[in-house]
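Taking it in order: structure first as structure tokens, then the write-up.
The letters A, B, C and D name the chains in turn, as written, and every chain counts its residues from 1.
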Amino acid sequence: MAPHPVVEYTSEASWAMIEDKLSHYAKETLAKVVKFLEDEILPAAKVAHAQLPDDPVKRWQTVIPVVTELKAKAKKLGLWNLFLSKAHYPEFGVPLTNLEYGVIAEVLGHAGPIGPESMNCSAPDTGNMEVLARYGSPEQQKKWLIPLLNGEIRSAFSMTEKHVASSDAKNIRTSIRQEGNEIVINGHKWWISGAGDPRTKLHLVLGKSDPNNKNEYNQQSIVIVPADAPGVKIIRPMKVFGYDDAPEGHCEIIYDNVRVPLSNLVLGWGKGFEIIQGRLGPGRIHHCMRSIGAAQASLNLMLQRVTDPTRKTFGKYLYEHGTVVADIAKSRADIEGARLLVLSAALQIDKYKAKGAMKEIGIAKFVVPSMALTVIDRAMQSFGAAGLSQDTELAARWAGLRTLRLADGPDAVHIQQVGQRELKRAPGLVKKAQELKRKEEAVFAKYGLKAHL
Amino acid sequence: MAPHPVVEYTSEASWAMIEDKLSHYAKETLAKVVKFLEDEILPAAKVAHAQLPDDPVKRWQTVIPVVTELKAKAKKLGLWNLFLSKAHYPEFGVPLTNLEYGVIAEVLGHAGPIGPESMNCSAPDTGNMEVLARYGSPEQQKKWLIPLLNGEIRSAFSMTEKHVASSDAKNIRTSIRQEGNEIVINGHKWWISGAGDPRTKLHLVLGKSDPNNKNEYNQQSIVIVPADAPGVKIIRPMKVFGYDDAPEGHCEIIYDNVRVPLSNLVLGWGKGFEIIQGRLGPGRIHHCMRSIGAAQASLNLMLQRVTDPTRKTFGKYLYEHGTVVADIAKSRADIEGARLLVLSAALQIDKYKAKGAMKEIGIAKFVVPSMALTVIDRAMQSFGAAGLSQDTELAARWAGLRTLRLADGPDAVHIQQVGQRELKRAPGLVKKAQELKRKEEAVFAKYGLKAHL
Amino acid sequence: MAPHPVVEYTSEASWAMIEDKLSHYAKETLAKVVKFLEDEILPAAKVAHAQLPDDPVKRWQTVIPVVTELKAKAKKLGLWNLFLSKAHYPEFGVPLTNLEYGVIAEVLGHAGPIGPESMNCSAPDTGNMEVLARYGSPEQQKKWLIPLLNGEIRSAFSMTEKHVASSDAKNIRTSIRQEGNEIVINGHKWWISGAGDPRTKLHLVLGKSDPNNKNEYNQQSIVIVPADAPGVKIIRPMKVFGYDDAPEGHCEIIYDNVRVPLSNLVLGWGKGFEIIQGRLGPGRIHHCMRSIGAAQASLNLMLQRVTDPTRKTFGKYLYEHGTVVADIAKSRADIEGARLLVLSAALQIDKYKAKGAMKEIGIAKFVVPSMALTVIDRAMQSFGAAGLSQDTELAARWAGLRTLRLADGPDAVHIQQVGQRELKRAPGLVKKAQELKRKEEAVFAKYGLKAHL
Amino acid sequence: MAPHPVVEYTSEASWAMIEDKLSHYAKETLAKVVKFLEDEILPAAKVAHAQLPDDPVKRWQTVIPVVTELKAKAKKLGLWNLFLSKAHYPEFGVPLTNLEYGVIAEVLGHAGPIGPESMNCSAPDTGNMEVLARYGSPEQQKKWLIPLLNGEIRSAFSMTEKHVASSDAKNIRTSIRQEGNEIVINGHKWWISGAGDPRTKLHLVLGKSDPNNKNEYNQQSIVIVPADAPGVKIIRPMKVFGYDDAPEGHCEIIYDNVRVPLSNLVLGWGKGFEIIQGRLGPGRIHHCMRSIGAAQASLNLMLQRVTDPTRKTFGKYLYEHGTVVADIAKSRADIEGARLLVLSAALQIDKYKAKGAMKEIGIAKFVVPSMALTVIDRAMQSFGAAGLSQDTELAARWAGLRTLRLADGPDAVHIQQVGQRELKRAPGLVKKAQELKRKEEAVFAKYGLKAHL
């Protein structure tokens, strides 16, 4: 029997570990995703780039035609909103586990950002649809969620602030207050991804509605702000290295006395923290799996480059020089180990929800982006200067992944949290060591020896 | 339902990945192994050390009483020869897969060398029993295999030579030639583990029987040499970082005109290479899993140390200083990823035999020992000078694991082989890239754009 | 006595090592450079950026006003062409050693590219002026060198080719042939830095003039090509991580039947290799010292960030979290060691010329860029997303330095060359070991012992 | 002119940096040290090992004959007590700076412990002689210092305690109290180097004489305890990995009501901290320079090994495989950078005393041992199993150096201190940044632009 087509994108060894955990539907869907990637997404990538104007104004007003076409095709094929799990969103979702969607995310990682977007699975829309599906009022769902699910509009999640260290969300300063039937928003945000896109119609804005509440986790609320509401001022796109990531962008925004109806409050006053907590876990796994796909795709490029006869120097293939083969072996091993780590974290989420899998998610979060950056860096090096330029995907991929060492909290935060969770194992180990000591003394005694130390 | 007791020794996330692949027998056996480890092996470790004389002669003549006792207990409990798979050795083996025995090996890695020895699962006996079970004549099996399986005797595998680079086995110089009904062996070996043990009764000696054979893989043969045959001269034990590893030891041996009956030839003339090839794969997985157990045990010690109130400095627990928490988080992540790598390699062996899992085995072989050394080194550092001494297991564990970066070929060999195997993927990728280019051009054409580059 | 102002930019420990090796003129000049950096260059950096249009066409046609102003000021102060050593270019140069100019380069590394440009010390003009000063005919010097020395025009060095692995310069394919009194050039180059600048008036083009010459180091020649010669077609700027580095740029260029007079040949037919060899050594030291300055400037930013009270999270300064202090200590140590390495390499050049200092230059070349990238990456991480954006110098600096791991040959080439040079020490060591053995045997004999082994 | 013979042991590049800072006497002495190393010390190393009995009791009662002979020769040649600087100890010392002695220490690092011992420059005697020379009473000097200076006796420094975290010296618990004309000492120490040597006649014991003193730096005192005083109980030697380092050893000792005359108090009551502070700085530099010598010697061995024709595998020299050449290049670069770091730290001590060079000493302390361990590890790997055994110096050297990551405080302590010192630069940088901002605004204004951000 021919191996499942996804094996070429993941690895035999990983596939063997998880194959029996995947549903028939998941396997069928995976096969379709692979085919769609190869037949449609990858061939469209450079066209998408060519359809984006260089002009510094027009590139923010453009809906890329080939992406629109891809979306229509994907929708028709049922490759749509696959990120949304039926388990958690029975009304809207598809019957895929986190583990199953994780493998899809890895496959999509072989493409650039148009991969997820084609299938309506791109951040920040994914998280926003989850929020609206779980916490939105029927009215909010009708107005915002349905068009998002249909891929007709896009959205932004407006949390990070310019003037505070917002990786500690308690530092958030944006003010959200009620005035009669309206909510008034004032604040200065930045790095708001997607806010530059002409299709983006709403921002979910996190701010402080009750800054003096004694419970500092009840001070925040989330409000839906229409992108075209008066007072929403997009200052500029933030660049990542030299990339502006148009048309989505990562914008600096001032909310200057923006007024929205009271019905735009999500879930209720003081529920902001609760909402963002629920938003994080699985999204991290998706990012990690896409990163692994990106690393794998980069290693694939490297393999082609170092065996390219036109790139021989001093009479030898590149792979015959120095440490190239070793770098390849290490990259393979790095990817392999990281993939299994993330898959096992996804499985833990399926078993215990994100809350029960925080250690595994945390490990994935700090291990994978660094691993992928290393693998891509080795690939770039094998391409010479071309590897740093617009002529391969490598440099843009590297820059995109570099943000993941900061997004949702810098590495250091996740490392500390994982370490602290490990430390909680200490008391149990001490108790066990004491028991062992007692048994040990009995054996010493039995042999008439004296245990010293 | 209480979690399986092995979860404490491996991790929840790893266990979830493999649980459904383990037989009922395997799970029961694993539970027994954990109990035996905690009740018998670990409490005996320091006694075993105390029962070994300091005297530089007597320590090589000693059979450690508590180990003998452990062996009797393990045999009674059926925790015996678990390494020997029924799948490959139907007559002698147990119904455990490589994956299943891998988990057992990890648990045993929490103990020192007495762990595997107690259960008659210690190298080099394991590999030798496999050789004799697969290739031994009925007479050889009766005389040598049965007592080995019974744990009555021990054995050595005599391959590495002092004067040549024997990681390339074709360099072997020991001469094996027939004289009438006898075989005469002359050679200079070293690092022959187990040869110092008073219980060791046979050496499997690899040498050249047909040095001019055009097929350089048919030049070698393996012969059984009784340890007390005239001409077997044990020169000295080789030390590893000051450790002599008595009573087993790693000996330098001269075979000086040693004569054995023709019936001591294993499998046939020129079959040496074939035999050693079959001997390697699964053994590497066992080593790797034990290394992971050793790393985990070291991290467990570190967790206890850094939370020990008597070790506070400058008013703080050790874990409150510097990079300790980060080191712990990294160790946890390192172990977790490596464990999944090795388990997936074991599963590949179960599916495709060792020959079909060479890439996965190779990755495990170069990743795991370095990982374990790093984790143990962090733990040593947390213990201060005590961590380098005889007062914790850490230093001896580190030294033992350091040899694994060389045993069965240095890291570099495995890295090169994995890299070369990866390179074989290049032509397929090139072909796929060409197909992609064609599809891409079609999309460019469709939109009236010109693909340059 | 107040310490020399440069101590703030290098380190006390490094300064103490070299102070007595610097001339009075060098020390005075260094003090002036520091003052010019602080009073003029650094305050102009953001203005220079603001004066560069966003428009994708106009940014390549712009001469940045504030840079022109800086150049005038520097020239007046005598901070001009300091890279050009009187020792090698008595007619044009200044009395600075490589060591002395190295320290100046480090100081300039605290600024972006406008630093060196202000003082007419920026690549590729520096190397080109050296070539013309050493090898140019009087006519060539009058026409091209003098305006370059005056900072009136700029230049490009056209070597790297798109379709071959040109890190092995023997692979170069551009054709240079004589037709009557003219030279005809045909070739496809890329990554030609400076070629985008409207002030650039000449390209030094390396090509093959005698491809069948048996001595493959005599096949190449270098020709001066006026930037506006018919047939010089600038295809596009190559980007580095999204940066186009306008207005200089790194251009893809086709030379399509470009014709220049015979007098534009530099030095003579077949002298191309000789010329590029002489061009490399000291330039690498300048790059390395600027990289160290860039690393130091990044660490300085990090120190400010992690002590910034507005960036506290969870009630603590950034430096109180996790591994920040350790990262700072390592960065400091990394910079310190690298700086001494490069200074000592510069001193070797001063003593033995570049040819006699190849090992030291090679070490600097592969150690420093990686070191600087690591230090800058740590600094970026401390700034959160801002560190990756246009709001600090860090991301652009990182991208610029990333190219240094490839420019003038990838790291791997330099690592191999240094390693090969080290290997040449082996025979001498073997001889010495044999002598030692003889002496050792005598001592053994004296004490009546037998040396075995 | 022939280069100075030490250039072969350090490097040309390093030598060029410091040569002009060395006195004529220092250069002459260095040449003599090199000759003594090559003619006497290195040839005696294996004999010294052979003269040490295996017997676990006798090895602690042995004075190794060849070492005694070496000492006599060195004394005659004036290569004696070179560590003791005339600058600080005018009565006893030699006219060498820290920088100068640093180079000698590097040369000695090519030998094992017999190197320094031959020239009466081995720890802990060096530090103890410094203490007695600086703080000892005339009576103490006559009784203990003179025989130490003459190399007639040896000594121990008894500080580390078993039951507390003594890297924070304030945790010390050993009690030192006056009873009439006597001092009574009670405490439990370990890792007391040299205490096993039959020639060791005194311990300098640090303990608490005034545990309730409000100034916690005045609670400690140091007392001279004769090694044969009643109540001095040597419990056992601590091993480092498997090495016991006989005959010196690192002993666990109980001081059980040991009584010494009041005149054995050093310097005065409560002066313990002051004494140990003065003892540390330069000693760390010596350790570091010896470590660099050890690393260099290991790289030298590696170079011989990888070019050894008898070690070819698969038809190639070891250096033709994989990453060997790269490892060699990196080792060379690592050593080179570290050497310059330590030399520059030594120079800072010469200029500002240890107290003014704490940052540089701290950097050396955490950088060098790790660097040397890495270099030695690469060398070990090139030797295969032999590299881990008693047949090369590598394993013992590695184990010895591993202790340096803990001795005088673990790496983490030094890293934190260096980082904290770096942080002190932040306020100055902030001030400078503010000045820059003002100047920058002026430039913006001049060009009619608005500085935002």
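Here is the rule we use: a residue touches a chain if its C-beta (ideal position, glycine included) is under 8 Å from a C-beta of that chain, and two chains touch if they have at least 3 such contacts.
Protein identities per chain, from UniProt: A, B, C, D = Acyl-CoA dehydrogenase NM domain-like protein.
Since we're looking at a predicted model, the values are computed, not measured.
Centroid distances built from C-alpha atoms place D farthest away from chain A.
Across B-D and B-C, the chain pair carrying more C-beta contacts is B-D. Measuring from the averaged C-alpha position of chain A to that of chain B gives a distance of 39 Å. Chain B and chain D have Cα centroids lying 38 Å from one another. Between the Cα centres of chain B and chain C there is a gap of 50 Å. Shown for chain C are the residues that touch two or more other chains, namely 322-326, 391, 412, 415-416.
Residue ranges of chain D in contact with chain C, taken from their complex: 12-14, 16-18, 20-21, 38-39, 42-47, 50-51, 65-66, 299-300, 303-304, 306-307, 319, 324-330, 332-333, 336-338, 340-341, 343-345, 347-348, 351, 359-360, 362-363, 366-367, 391, 412, 415-416, 418-420, 422-423, 425-427, 429-430, 433, 436, 439-440, 442-444, 447, 449, 451, 453.
Listed in rising order, the residues of chain A touching chain C in the complex are 54-56, 160, 163-165, 167-168, 171, 190-191, 238-244, 250, 310-314, 318, 321-324, 381, 384-385, 387-391, 395-396, 398-399, 402-403, 405-407, 410-412, 415-416. Here chain D touches chain A in the complex through residues 322-323, 325-326, going by the rule given at the top.
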